[in-house]
Amino acid sequence: MQRRWLKRLALPLFGLLVFAAPTLLGGSGAVYSAAVLIAIFAVMAYGLDVIVSDLGEVSLAHPVFFAVGSYTTAWLSTRAGLGSWATLAATIVVALLFAAAIGLVTLRLREFVFSLVTYAVGVVAITVASNWAFLGGSDGIRGIPLLDLSVGGLQLSARNDRELWPYAFALLAVTVYLIDRFRRSLLGAAAIMVHLNPRLATMAGTDPARVRLQVFLFSAPISAAAGWLYAYQRAYVSADVLENYFLILMLTAVVLIGRRQLLGPLIATAMVLVQEKFFSLGGNVDKIVLGAVLIVILGFFPQGLMGLLQPLRRLLQRGR
Amino acid sequence: MNLTQQLINGLVLGHAYALVAIGWTLLLGVARLVNFGHGQMYMLGAFVTWWAVVKAGVPYALALPIAMAIGALFGLLMQRVMLKATFEQNLVSIMIMTLGFGYVLQGGAALVFGSTGQILDTALSRSEIKLGELWLTQQDLAIVLVAIAVFVGLKWLLDGTRIGRLVRMVAEDPKLAQLAGVNVRRVYYGVFAFEGAAVAFAAGMVAPRTPILTSMGFEEVIMTFVVVVLGGIGSVTGSYVAGVALGLFTALFGALVSPAYTTAACFLVLIAVLVLRPGGLGAGSTAGVH
Amino acid sequence: MSGALLQVRDLQVDYAGNRAVDVRMLSVSRGEMVGVVGANGAGKSTLVNALIGWSRGDPVVRGEVELSGQRITAWSAHQRVRAGLALVPEGRLVFGRMTVEDNLSTAFAPKASAGQRVYSRDDIFELFPRLLERRQHLGSQLSGGERQMLGIGRALMMGPQLLLLDEPSIGLAPMLVSQVLQTLRKLAASGLAILLVEQNVRAALEVVDRLVLLERGRVVLEGPAAQMGSDPRIAQAYLGAHA
């Protein structure tokens, strides 16, 4: 009984710790900046996590959803003067539209064709974002206003990364909660079934294609919401939000700790960004390191870092 | 716009597309593997050729085999790391690993070759052939001739030789091929080495046409993907025809509509085909190479 | 004991902690035809996979498998084939997209060993004239019986010392089953060792020298075909329903 209470408290306690972390680590601008980015990129990765870990497919389109979130927010806030809540709502809607289009086209195709199509969408998106004047062309969209979620008389705005942190944390917390709920839901269970044994799933009355589409639709707005916040954080958006850095980062975040670990993407994103921000070896070497980490994990430690802990855990249990 | 000139451009472009895609055709058809590092391997081939010719003063005809050798070695390395995943047909891992390899190449190439664009000039690319008002470079002509030769050669290899028969066995059913005494692992290595060498060769031949950057390669993957899928996965002849057709389409679209969005247009063509006639790409269809 | 072509000792195959096969002793000699029978799930196919070296799904294999005194336990499938072990698998018999002629080709040049015959393509056509008639047809165009013949022919071209067959009678009409098994009997008579895994116990009993009954991965009964045919356990479980 005691253990169950401890488990129930563990996650919220950890959440409090994470929230206080930037202050505990010195509270400097750089720390808050890193924390906000970690939160944003982790949320971006959680969208992909659901597809890769639960559904078992490789979607290379989530960077596009992230970009869709950023561009929608940028455009609507600068050209149409919409507030932050409105841009968030619009982000979710546009992300769903994109996901629906991609999902319906690839509905009955083989998994690797799905991956190729999503990859192609990403590449085409870069071309469009860099060339289309509507989206600012190669200059992008600048002058995005500050995040302002004020409602009623409550002032909820952020002028810098330090003030942005509570909102970034809130987005992260909501995302983790949603992922957890998804994994406990019927759709989550169906996703696993479709992943592990599509034929069995069909015989159990589940339509794998529909499940794939639904999970895809669930995951897209998550990555897009990360893009929404990113636009406010950077105050400008350009085609470099579609660089394959984000894709590689997301993939690493999903596989580094282990599949289907609730806090995996968060911890992994933190590890990568801390290396990048505080222990960088130069942009290109960092790329080599990140790519190499992805290869080594999948090639030699497919269970992720958690897999390394398994034998250790077994040793500890036996000792008890 | 001179239509005939565009058709010539299109033919050259098409043969280039087909040549770049040949490694993928074999890789996908025989080993059912998707190599997302293809674009970066193309970039590597282009830069190795450039470095050999421009920086090391090696004759072009020697630079190509050097690039091919490095490409083949990289392919072997990739397959060695992905061996377990290949045998388990763990496509998710393979796809992500190839993305990782591509990213490593990107960083590595930028480190070694720098981030500025370079031009690979060869004697062939500088010399033009004029037919009245129409023109193309000798490099362009070489691309067409070489592409045809490679395709014919590969088809003959697959259909008419013992090695080709073994490769077709592995393509259709690797387990049954083992029962015929085929060392399937060696075939997979061979196919990946071929992909590495072929894409490097294609890069060496085609790169003189445009400036090369260490950030390039993504569009090449899309075009290769479209060529292979439109031509029929594993079909050597199909890839050739699809490549040439796509080249003509690209040239005409670029001239008539917009040069910046040609890749996007090709991708839309592919989507249209996928939606209307999924054919051999629906779930559950088998591969093979022919 | 010695002189046996195939010698299996303490073979244990575990899948995710479950023991699928636990065979203490199994041997096949030159010119001998041994039948392995048992119900579905008894471990017959797992045994065959372990013998040929197919490790689907990461099983843990322990024990020893020896071919002509050589330890092949750690060898990969294609190495065992080159050493003289051939398998006619269940279900995947031919390369559907290749012609009969192409199907009957080898990846290596089998050596004639200890009086063991190396079958050429023409030899196979002599053995199965039907295949000669259909030599340019694709594997996918053959009937069930023709595929079985092609599967056996393909395996024979490997010049095996031991031929493994996994349920050759599946999907075949009784007359064809009889034909195929009689052909195997003839091959055994010429010195080929054969291990036949079969569900159709009645048919197997007609051609094999020895019968082995597998239950839950263990050998529960073993003996000459003549004795086994009248053994109540076999009769009850497998022949009773067809009596």
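Note that the chains are named A, B and C in the order they appear, and that numbering of residues resets to 1 at the start of each chain.
Following the convention adopted for this analysis, a contact is a pair of C-beta atoms (placed from the backbone, for glycine too) under 8 Å apart; a residue touches a chain by one contact, two chains touch by 3 or more.
Since the structure is predicted, the reported quantities are computational estimates derived from the model, not experimental observations.
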Chain at maximum distance from chain B, centres defined as averaged CA atoms: C
Chain whose Cα centroid lies nearest the overall Cα centroid: B
Centroid spacing, where centroids are CA-atom means, of chain B and chain C in whole angstrom: 43
Whole-Å separation of chain centres (CA-atom averages), chain A against chain C: 53
Separation of chain A from chain B, taking each centre as the mean of its C-alpha atoms, in whole Å: 32
Chain B - residues contacting chain C, complex: 162, 165-166, 168-169, 172-173, 175-185, 288, 290
In the complex, chain B residues that touch chain A: 34, 36, 81-82, 84-85, 91-93, 95-97, 99-104, 106-108, 110-111, 218-219, 221-222, 225-226, 229, 260-261, 263-264, 267, 270-271, 274-275, 278, 281-285
Complex interface listing, chain A residues touching chain B: 52, 56-58, 60, 105-106, 108-113, 115-117, 119-121, 123-124, 126-128, 131, 244, 247-248, 251, 255, 283-288, 290-295, 298-299, 302
Chain B-touching residues of chain C, taken from the complex the two chains share: 52, 54, 76-78, 81-82, 86-87, 89, 92, 94-98, 102, 105-108, 154-155, 158
